[in-house]
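Presented below are the structures under discussion, each in the form of structure tokens.
What follows is a pair of complexes built around chain A, which joins chain B in one and chain C in the other.
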Partner chain A sequence: MQLKNKTFTNISLTLAAATCVLATPAMAATSEPDSWDIDAGLLIYAESDDQVQAYEGALSITKRIDDERSINVKAVVDVLSGASPNGAVAQNRAQTFTRPSGNGSYTTAAGETPLDDTFQDTRVALSTQYQQQLNRLWLYSGGANVSKEYDYLALSINSALARDFNNRNTTASFGFSYAYDTIEPEGGVPNPGVSVDDPDNRLEDSETKQTLDLLFGLTQVINRQTLMQLNYSISDVSGYQTDPFKILSVVDSDGWANDYVYESRPDQRTKQSLFWRTKYNLQPSGQVFDVSYRYFWDDWGMASHTIDSKWRMPLANSHFIEPHIRYYNQQAVDFYQVYLDEGQPIPEYMTADYRLGELQTYTIGLKYGFPIAGNEFSVRLEYYLTQVSGDESLAKGAGMSGVDLYPDKSAVMLQSFYRF
Partner chain B sequence: MKKGRLLKKHYSLTRQADYWLGEFAVMASTCQVLLDDVNAAQADSLTALAYAEAKRIEVKYSRFRDDNIIARLNRAKGRGVTLDGETVTLINLADLCFQLSGGLFDISSGVLGKLWHFKQQIQLPSDAEINALLPNIGWQQAQWQAPLLTLPAGMQIDLGGIGKEYAVDKVAQLLENEMRLQQIGSAFLVNFGGDIYANKLRRNGAAWQVAIEDPQHLGASKLMVSLAQGGLASSGDSQRFIEVDGQRYSHILNPKTGYPIAGGPAQVTVYAQNCVQAGMLATIALLQGEFAEDFLKAQDCRYWL
Partner chain C sequence: MRRILLLACILSLTACSSLGVKPWERDLLAKPEMQLAENPMELGFDDHTYFSKEGSSGGGSFAGGGCGCN
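And then the complex of A and B:
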């Protein structure tokens, strides 16, 4: 057979140009690592009756170092102002209180819930979190936080390991965190159970608190649409847990508060919680139902139930709305009492802080998100109602007849996020 | 969740040693999606996406249906048909390949399949039969002014020579988009009956190992190709050929003569940036017959004969 040769022109480049118009997968994989994710958020929180107002700005930067590693740095600045209940009961006459700092006094009108008006603070918090895929199945994360406000310093570190099992359908995780907080109230730490008017009512300059948290988690892919999560956490808190700004009224048989004493809480607390969550992704509409339940209990006698549900509904053009409903029910700690009776011995532990009392909160909210220049922007508006409950018949005598011992509280929160 | 095989209506999902394998049958081929580093739920949704897109392309361009754009064109009897954007790009590509191959790559040559069906065929078609069909073949007779395509009465086209590779690239593009949305950085490989696209190196740093079937020994692999990123396509007569009087006739037909191309390699495998490019180079190479390798050498591409 005769040996033949033929000359051809190169058509590869022409074909490459023509085919890349059809589909462009070849150019897509470039920008993944080395990317920065920046989340910015602004929050305005306002309680009814000019109580606490908070403004918060947050900036979170995540840098993906490579496919396995990422690092996040977050900064938060809060400005809080307003007044919060000081623990004293309302009276049918005006009440005057010495400020917790010992500087001056403030007066509450008859029938009003006594509010401590010294609540004013700026908090700056910085945190960093590092995450690394150790190998195909193990994920490590660790981080540190520092937060500082006028009289409070909080430091913490955390670490967690997660491992995938069962063809990556199951993830088990274990985490711990350790926190060390220092409080340095102006004027010194109040002496629990001692009258606010007692000149000898101050102890040390500062107190500390240590918290150790352990978390065990299990996440399970149920099917293509459903994800389930189960967590157990246990937390051991030791050290100063009393609120130096909270007091209790000492009430006589006619219902008149003639004295006020600083509250006192145990310096040991063990908290536990069980958390169950289900996320359901409805296809093809892309709606996401997210329902969770938490049961919490501790050795102070508190127990609570939380039911939280969100329903994310995609709309056209990457817009979405997300209604949110939450219900929370809490049982009071053993040493909660709305006031002390005059003539009775001062108990070792006592608080009239409504946040440790019996209460229910209801949250209803709506989030709306839409893209701006290819990035996600969202706004969330939420309404909280806190219903404090307790024995109404404790409003005794002339001093307290007709007063509301357990006033409701409501708040509105407006939050916006921008991710770019 | 049960381990292993999850049977769905249209596709199956199997856990392999270290990747998920989604499989379905579309375009008369076994189609596979290999997902390196995803969980079961992600594997399932990505396979579902791949299946839906492959099926969409099959339904839209199959020449065996009477309700799609190909059927409308082939029934138009000399009237012009306005094409949608996707079809315009495919016809443009077919037109370009026709030009670049000197008329050898021709989407109107499919009618020759009536005579050369390569299934239990023991007799060659007669010259008279072939000559009767030749006037209906020849893309140069079509009037193509995008988006209007006018085929002369009697001419039929089919996009079988492009469709599978196109489906591979389209599915790969969809998977990449979806993974970016879901923030999954997984490597994947799309394999539709030997037409392949891989997006990147696997998580363990290795390339995908693709076995190329030996045309002489079906079922056995002739060579292994490492594919990290890009398209791979094979063309050849490994499965479709006839032998008459000791002579092997390839199913690669010359649209100008109506006869199979002679003297060429049994199979050509080409690597290129994407699967369509690889497929077109492999097909046009085979159409060169004994000059297939000369053609490939001129293309500056990786190829295997």
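And then the complex of A and C:
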């Protein structure tokens, strides 16, 4: 039995997400004091139709100081390129758009979904997390993150406390996180609702956003094979939440877009979620079922359901395979509209960003893991399909007849992990 | 819907005290594959992807600020 140092979970496995650490009941340790654990990961994300391509590398180092304390440092580098929908509707003629920076233009062919091809960025993120067992029952975790890309800076801190009850079968946790983000779009912050061709369409140089997250967690050992987790979280976001790169078409009665205006989102959003997860270890095979459900709602009118399930099957010689299925369904925010009607007043809030519209996404994947020289290597291949829905009858007139207002999107993700 | 979920939470809280195992019965729960954050890096990759492609975030951990993902 692995009862030695049982107040710690495997630190290298837990430090990355403070609340996950604290929501995990204290169990056996697998690493010795004064040891180092290193995790390396690589993600390749590629969307169809030459849309977004991303390469993300991550390195996480955990130093276990002693029985009570550990510290983790993590670095992530992202390289992104490709094209992204700009929010305008497809037309039965070619469309030319001014680039978001205001410099130059790009053209979309007739019948095609308008994609902004200027999407290119490199992001570097650094984070550190400290964890300490305060006494037999209390565990503290605190950390800081910084993330920088060309036009975006994100800073955040987090802190959490967890306490075990009921002979360590129940763990209650509470955590908070505060984030301060700054965006500095090339060419300035666009003026919402103003035409992209209007020379007077820019406001100041930068905008900021603050996010306060609170998370309450409860983890319960049900029996020798079953573990259950329940979280409630509330997130208050204030400040600039508009996407400066997204626009809406202004369409006439024949369906022709004669103008495009910058989108506008409220500067206040409160998001809440309930998250339930169960892990079950089937005996004697040792297969592990991991199922979670999240219900999310906010004051923008969005609500969503997410079901995620993994099934880990051990094979001979410590190899394993893990099929994965995820289903996500969201309803649109109140101010989502696929385009604006010409001659109507410009609404205060509006977006045609499909990510705030009605959509379903499906993920199906398979992971394969095996030991190399006593360390674990795993590779994971996933297919991710996004189906956008909406009122098809809005494709009106000669300008839009037959065009796809809600195009689907698919992506392939390849991930690999090495732990030593 | 929200009321039903909240009720389910409260009921599951009150049931906690009678659940659990003895210290010597933790062998399976102690296995790495039974940890809630068995692979934080995978969790990080997934959260980043879904955060930038869907309208919801958070739940399992902090939703946070993050990136200018588009």
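Quick note on the criterion: the second predicted complex is superposed on the first by the 389 of 420 C-alpha atoms of A that agree within 3 Å, B and C clash if a C-alpha of one lies under 4 Å from a C-alpha of the other, contacts with A are read in each partner's own complex, and residues count from 1 in each chain.
Here is the rule we use: a residue touches a chain if its C-beta (ideal position, glycine included) is under 8 Å from a C-beta of that chain, and two chains touch if they have at least 3 such contacts.
Predicted model only: the values in this text are computed from it and were never measured.
*Asks:* May I ask you to decide whether A:Ala316 touches chain B, chain C, both, or neither, giving the answer as first, second, both or neither?
*Replies:* neither
*Asks:* Tell me which partner A:Gln330 touches in the superposition: chain B (first), chain C (second), both or neither.
*Replies:* second
*Asks:* Kindly classify A:Ala373 by the partners it touches after superposition: chain B alone (first), chain C alone (second), both, or neither?
*Replies:* In the superposition, A:Ala373 contacts neither chain B nor chain C.
*Asks:* Which touches a greater number of chain A residues, chain B or chain C?
*Replies:* C
*Asks:* Once the structures are superposed on A, label A:Arg136 by its partner contacts, choosing first (chain B), second (chain C), both or neither.
*Replies:* So A:Arg136 only meets chain B here.
*Asks:* Taking the superposition as given, does A:Phe275 touch the first partner, chain B, the second, chain C, both, or neither?
*Replies:* Once the two structures are laid over each other on A, A:Phe275 reaches chain C alone.
*Asks:* On chain A, which stretch or stretches are contacted by chain B in one complex as well as by chain C in the other?
*Replies:* Residues common to the chain A contacts of chain C and of chain B are 6, 9-10, 14-16, 18-21, 23-25, 28, 166-169, 220-225, 227, 283, listed in rising order.
*Asks:* Can you check the complex and tell me which residues of chain A touch chain C?
*Replies:* Residues in contact with chain C: 1-3, 6, 9-10, 13-21, 23-25, 27-28, 30, 39, 41, 43, 45, 56, 58, 60, 76, 84, 119, 121, 123, 145, 147, 149, 151-152, 154-156, 158, 166-170, 175, 177, 179-181, 183, 209-211, 213, 215, 218-225, 227-233, 235, 243, 245-246, 271, 273-275, 277, 279, 281, 283, 288, 292, 294-297, 302, 304, 306, 312, 320, 328, 330, 333, 355-356, 359, 361, 380, 384, 386, 413, 415, 417.
*Asks:* Any idea which chain C residues touch chain A in the complex?
*Replies:* For this pair, the touching residues of chain C are 1-2, 5-6, 9, 12-13, 16-17, 19-45, 48-50, 53-68, 70.
*Asks:* Under the stated contact criterion, what part of chain B meets chain A in this complex?
*Replies:* Listed in rising order, the residues are 1, 3, 15, 18, 37-41, 44-45, 48, 89-90, 92-93, 96-97, 100, 166, 169-170, 172-173, 176-177, 180, 185, 197, 199-200, 203-204, 229-230, 272-274, 276-277, 280-281, 284, 288, 290-291, 294-295, 297-301.
*Asks:* In their shared complex, at which residues does chain A touch chain B?
*Replies:* Going through chain A, the ones touching chain B are 4-12, 14-16, 18-26, 28-29, 32, 67, 136, 164, 166-169, 220-225, 227, 283.
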